[in-house]
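One chain, chain A, links the two complexes that follow: it is found with chain B in the first and with chain C in the second.
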Partner chain A sequence: MEMEEKRMQNEFALDVRNLSVNYKIYEGILDVIPGLSLHVGKAERVGLIGETGCGKTTVLKAVARVLQSPPARIKTDGIYVTGTSIDGRAGMKQVRKNVSMIFQDPSTSLNPTLKIDTQMMDILKSQFPKHSKSEYRQMMLDSLAAVSMPAPERVLGSYPIQLSGGMRQRVCIAISLMKDTELMIADEPTTALDVTIEEQILELLDKLVREKKKSLILVSHALGAVRKITDRVYVMYAGNIVEAGPTREVFQNPKHPYTIGLLAATPRLTGEGIADGIAGDLPSYLDPPEGCRFALRCPQCSDQCLQTPPKLESVSADEGSWQVACYNAGKGVTTCQA
Partner chain B sequence: MKILKKTLRRVLHTLLVLLALSFLIFSFIRIIPGDPVRSSMGPMVPEETIQKIRSELNFDKPLPVQYFYWIKGIVTAGDFGMSLFTHRSVGEDIARYLPRSLELCLYSALLILMMGVLLGTISAVFKNSWIDNVIRVFTYFGVVTPPYAFAIFFMLLFSYSLRLFPIGGVPVMPAEYVRTGALGLDALLAGDFALYGKVMHSMFLPVLSLSIGGIAYQTRIHRSAMVENINADYIAFARVAGVGNGKLIFKHLMKPSFIPTFTVYGLQVASLLGNAFIIEVLFRYQGFSQYSLSVIMNKDPYGIVGVTLIFGIIFAVVNVLIDMGVSVLDPRIGLRGEA
Partner chain C sequence: MIEVKSLRKEFKTKFGNLVAVDDVNFAIKKGEIFGLVGESGSGKSTIGSMIVGAYGATSGSITFHGDTDISKDSKFRPHALKQKIQLVFQDPGGSLNPRKTIRQILSVPLELYSDKKLSRAETDALIAEALKQVGLPLSYMDKYPKAIGGGEKQLVCVARALVANPDFIVLDEPTSALDVSIQAKITNKLIDLQQKNNLSYLFITHNLCLVRNMCTRLAVMYLGNICEYADTAEFFDNPRHPYTQMLLASIPVLSDEEESCKPQRIKSVGEIPSPLNKPTGCSFHPRCPYKKDICSREVPPMREVREGHFVCCHCWDSLDRG
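Presenting the complex of A and B:
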C-alpha cells in the first residue's frame, strides 16, 4: 500500500513494473526475464548483484532503452523514470534527459574515431543548447575536474586510444555527470579495470552520487563495494529477484539460500584459504525449471520448490522492506553445503 | 612531421614499384613473337627502311640498354617513346586521350560515393524494412551483372525505345575549345554551358553503366559496416548520454563505418579506368580505353608500356591516398608508433 502511494507521488527515481524479456531463437524461446519489478527511491543507492549471466545488464539496458529489440522481446506494465514513462518516442526523450548510464567496458563505450572534446560537445549541445563555444569548453573542463582528471586539456584533445582504461572510465563518468539527471545507472563500472583503479573509480562514483544527491543503481561483482556504497540491494538469480532488502541486513543475515551461497563465495582477508562456491550452473533459459529456478542447486530444496516458483514475500517487521522469494527462507541454513 | 616522413616513404616505395612494373612490361612485350616495326609498316616497305626505324627506336640494342634509353628519355625529356601505331609520341597521345576518360571516371566515382553511402545508410537505418529489402535486391543484381549488360540494356531502353539519350558518341568540340582534353571541363573553361549540358547528356548513360556495379557493392559494404557499428557500446552510450538521432547516425555512426567503406571505395575508383574499356567501346566514347585497346591490338611496344604505366600509377596513387585517408579516419592507425 505504501509502495502504491509513493508511486502516485512520483517518489521513485526509477520504477520498473513487471518487466519481462525473452528472445525467440531457432531452438525456441529464451525466457531470460520472466517478470521482474524493482524500484529506486529518490537519492537512494541501490545495488543489483548476482552471478554473470543472470540478466542484470539486460534489466539495465531495458531501462536505458538500449536493449536491441528485436531480437529482444520486451513486455512491461511500465517503466517510469521520475514518474514519467519511458515508452515510445516521448519516453526516449525522457531517457535522454533523465538517465545517465556508465557501461562495463570503457574501451568500447567511447567512440574510437572521435576526439573526447567532440564527443562531449555533441552531448552538451543536445542537453544545453545555445551556449557559446567557450562556455561549453568550461563545462567540459568542470566535469573533468569533478572526476579529478589529471591534465584535462590534454584529455580533451585526445582520442580514446590515447587514454588508459581508468582515464577512459573517468571520462565516461564525467560525461554521465554533465547531464543533470536524477538517475545514474552503473553497469559493472570497474569490471574491465585493474584492481588498483577499481577502488578509486568506485570511491569517486560514491562521492559524486552523494554530493549531487543522485539515485544510483549499481551492478557490481565487487560485493565489498556494493556493501559500502548502497543502501538497498537486489539479489538476482536467473532473471528473477530472489532477495531484496536493506544492504546492511542482507549482507549480515542473508535469508535466501542463493544469497547465502553468493556471499559465502566472496573471499575474505580473514577467512582461511579459498572461499566456497555454489556447485552447478545457471539453468538454461531455453527450458527453465518449472518451480524455483535455483531449486536444482539449492541445498534445502523441497518438493514444493520443484513445482511452483516462490513469490517475493516480506520477512521483516515493517511491511515489504525486506523480501525473499523462498519457501524455506531463514530455516536454519547458514552456508551452502555444496 | 611523422606524417610527412611516412608519406615520403610511401611515395619512394611507390616509385620503386612503378619502376619494377615498367621493366616487367618492357621485357614481356619483347617476348611476343613478331616484329612490331614490320607489322606496323606493312609488307611493302623495304627491309632497309625497317632496319633504319628499328635503330632509330633502339630496337636493335640489347634489352637492358633499350630500357636504359627509355628511362633516360623519360627523366631528361619526359619522352615515353614513339608510338608505332599513331606515329606520335606516346606521352602526347596519353595527354590527348587520358583526360577524357578521367572525366568519365571522375563522375562515376562521385556517383558511386554518393549513391553507395546514401543507399547503404538508408538500408542500415531501416534494417529489415521493405526499403532495405528493395535496396538489397538491387545490390544483388548490381553486383552480379557485368557493366556491359547494363550498358546494352540502358541503350535499348533509354536510347532506342524512349529516345531520351544519344545511343553513343560525344558532341563535337570546336577546335578552339580544346585545352585539357576533358570534354566537360573544356566546355566549362570556354564558358559554353549549352555545350556542357550536351556533354553531360551524352555522358549520362556511360557514367551510369560504369557506376551501377560500384554503387551496388559500395552500398553493401556501407550497410554492413553501419549495421555492425550500430550495436556498438559507444553508440548506446552516446544515445543514453543524449546525442540526437541525426548526429548519432551521421557523425558518431558514420565516421567509424567509413573506414571499411573508404578502403573498398579506393579500390573501386582505382579499377574504374579498366572497367571503362568496354563502356567506352560500346558508347563510342573515344577516350583512353579505345587508345589502349588499339595499341595493345597493334603490339605497339612503347604504347603498351605507356598505357600500362598509367594504370600502375593510378593504382599506386589511389593506394597511397587510401592509406592516408584511413589514417585520418581511424586514429588507431594514424597514431600507431607515436606512443
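Presenting the complex of A and C:
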C-alpha cells in the first residue's frame, strides 16, 4: 500500500505498470514480455541486468516510445513518467521533455555526415528556441565541459569519425545532458569501450546523476558496472523480472536460482576458478513454457514451477524492497551447477 | 614451445608507418595457457595473427618447438607445421560459413592435413570424435550454423581447430562475444581439452578476471609493447607497472573481497594515443601519474624484478602497490 501512496504523490520518476509486449512475425507471435512492472524513484539509480535476448532493450524502447509498432504490440496498465502518462500526443511531449537516452554504440548513434556542433545544435534549437548563435555555442561548450571533454573547441568542429570511442560516448552523454531531463536511460553505455575508458565513463555518469539529482536506469550485462553505480537492481530473465532488490545485497547473497547461476558464472578477480555456468538456453519466445520460464534450466524445479508462473514476492523484512519470483527462493539453493 | 624474440610489425598506411608490435619478447611453455592482455589497439591480435602466419613479421623471430622459424608468412610453412598451430576467432557467427553444414565445415581441415585420402566413414568418425570432445551431440553434424546457438557455434570453431590435431591453439578473444553463463561453459571446456590433449594455448583477451582464473602466465600489452610479464598469481598479488595497476583498478567487480584485491590509489585518466603517433620514450608516460623526466626521453628497458616477473618501467622500484 505504501507503493500506491507513492504513486499518488508522483514520487516516481518512472512507473511502468504491467507492461506486456509481443511481436507478430511470420512464424507466429513472439511473447517477449508477458507482464512487467518496474519503477524508478526520484534521484534513484536503478540497474537492469540480464543476458542477450531477455527483453531489456524492448522495455526501454517502450518507455522511450521508440518501439516500432507493428511488429511490436504493446499492452499496459500505464507507463508514467514523473506522474504523467506517456500515452498519446501529450505523452510523447512528456517523454521528449523528461527522458533522455544513451545508446550502446556511440559510433552508430551519432550521424557520421554531420559535425558534432551541427548535431548538438539540432537538440538545442528544439529545446531552447530563439537564442543567438553565440549563446548556443556557449551552451555546447558548457555541456562538453560538464563531461570533462579534452579540447571541446576542436571536438565541436570534428566529425564523429575523428573522435575516439570514449570521446564519442562523452559527446552522446553531453547531448543527453543538454536538456534538463528527469530520467536518464543508459542502454549498455560502456559495452563498446575499453576497461580503463569504461571506468572513466561510469565515474562520469555517477557524478552527473548525483550532482543533478537525476534518475538513472542503467541497462547492462556487465554486472560489475551495475554494482558500481546503482542503488537498486532488477534482474531479468526471458522477459520477466525474477529478482529485484538493493544492488549490493543482491550481488552478495542472491536468492533466485538464475541470479545465483549468473553471479557464479562470472569470473572473479580473487581467482577461485569458474563455475560451470547455467545449463541449457533461453526458451523460445514463440512457445514459452507455461510455468516459470527458468524452470527447464533450474536445479530446483518442482511440479508447481512447471504449471503456474511464480509472482514476485517479498523476501526482506521491510515490505517489498527485495522481491524474488521463485517458489523455492531461499530454501537452500546455494549453487546452480550445470 | 613458442618463443618470440624482439618481434616487430609495421603496417604501411596512408598516414605513415603504423608500428603495431614493437620489440616484444615472450615464451610459451608446453602445456601452458598463456594470457595476452591489452585494450583495443594494443597489438595483441597482431601477435596472434603472426603466430598463425596470417602475415609475416617485419623483424624479429618466432620459433616453434625450439628450432623451426615461423616468423614468415604461412605460405612459407610446410603443411605439417600449419596443422600444428590452429586458431579460434572471436566472432563465432562470422567465422563459420553459413552455407555449409557442420560436417562440411569440420571436414575441411581433415582434407587439408591428412596424408592419405580419407574415406567418408573415416572422416565421419573423426568428426564425431571431435564433436564428442567439445560436448556437442552428433545430430549437429547435418545442421547449419544458423540453427545452433552462439556458444555452440564457438564450440564448433573449437572442434574445427581440434580435428587438425594441433599442438598449439591461438584463442583470439574466444568468449567476448558471448553471455556470461555461456562464457563459463566454454572456458571450462577449453581448460578441460587443454589438459586432456596436452595442448598449449595463447589466450588473447581483454578480460583480466578470466585470465586470473585460466592462465598460468600472462603478459600485458600497451601500444605494441609488453609492459609487464609474470606468473598469474605473482602478477595479481604484486602488479608493478602503473598501466597494469590502472587496468586492475578499473575492473568493475562484484564483491567487496574483490574490491580489496584491486590497487586502490591509482585512477584511470586519459586515453590510448594513436599508434601512428606514439609518445616518445615510455609510451605510457602521458597517462602515468608517476612520470619523471626520463620517461619522456628514454624507452624503459625490460627488467626482472623477481624471478619470472618482468616490468618495463623506469620507476618500478619507487612505486608501491598503488
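Simple rule for what comes next: the second predicted complex is superposed on the first by the 334 of 338 C-alpha atoms of A that agree within 3 Å, B and C clash if a C-alpha of one lies under 4 Å from a C-alpha of the other, contacts with A are read in each partner's own complex, and residues count from 1 in each chain.
Just so we're on the same page, a residue touches a chain if its C-beta (ideal position, glycine included) is under 8 Å from a C-beta of that chain, and two chains touch if they have at least 3 such contacts.
Because the structure is predicted, anything quoted here is derived from the model rather than measured.
After superposition onto chain A, the partners chain B and chain C occupy separate space and fit alongside each other. In the superposition on chain A, contact of A:Ile86 is made with neither chain B nor chain C. Put simply, if you stand at the Cα centre of chain A and look at the Cα centres of chain B and chain C, the angle between them is 80 degrees to the nearest 10. Of the two partner chains placed around the shared chain by superposition, neither chain B nor chain C is touched by A:Leu312. By the touch criterion defined above, A:His221 reaches chain C but does not reach chain B. In the superposition on chain A, A:Thr52 makes contact with chain C only, not with chain B.
Once the two complexes are overlaid on the shared chain, A:Met236 sits clear of chain B and of chain C alike. Of the two partner chains, neither chain B nor chain C is touched by A:Ala329.
By the document's definition of touching, neither partner reaches A:Ala174: not chain B, not chain C.
Contacts of A:Val195 after superposition: chain C is touched, whereas chain B is not reached. When the two complexes are overlaid on their common chain A, residue A:Leu114 makes contact with chain B while staying clear of chain C. Of all C-alpha pairs spanning chain B and chain C in the superposed arrangement, the closest lie 6 Å apart. Overlap of the chain B and chain C contact sets on chain A: empty, with no shared residue.
Per the touch definition, chain A reaches chain C in the complex via residues 51-52, 164, 166-167, 194-200, 202, 221-225, 227-228, 251-252, 261-278, 281, 338. Residues of chain A touching chain B in their complex: 61, 64-66, 68, 95-97, 99-101, 103-105, 108-114, 119, 122-123, 126-127, 159, 161-162, 172, 175-176, 178-179. Per the touch definition, chain C reaches chain A in the complex via residues 39-40, 149, 179-185, 187-188, 206-210, 212-214, 232-233, 236, 246-258, 261-262, 268-269, 271-272. Chain B makes touch with chain A in their complex at residues 231-244, 247, 251-252, 255-256, 259, 329-332, 335, 339.
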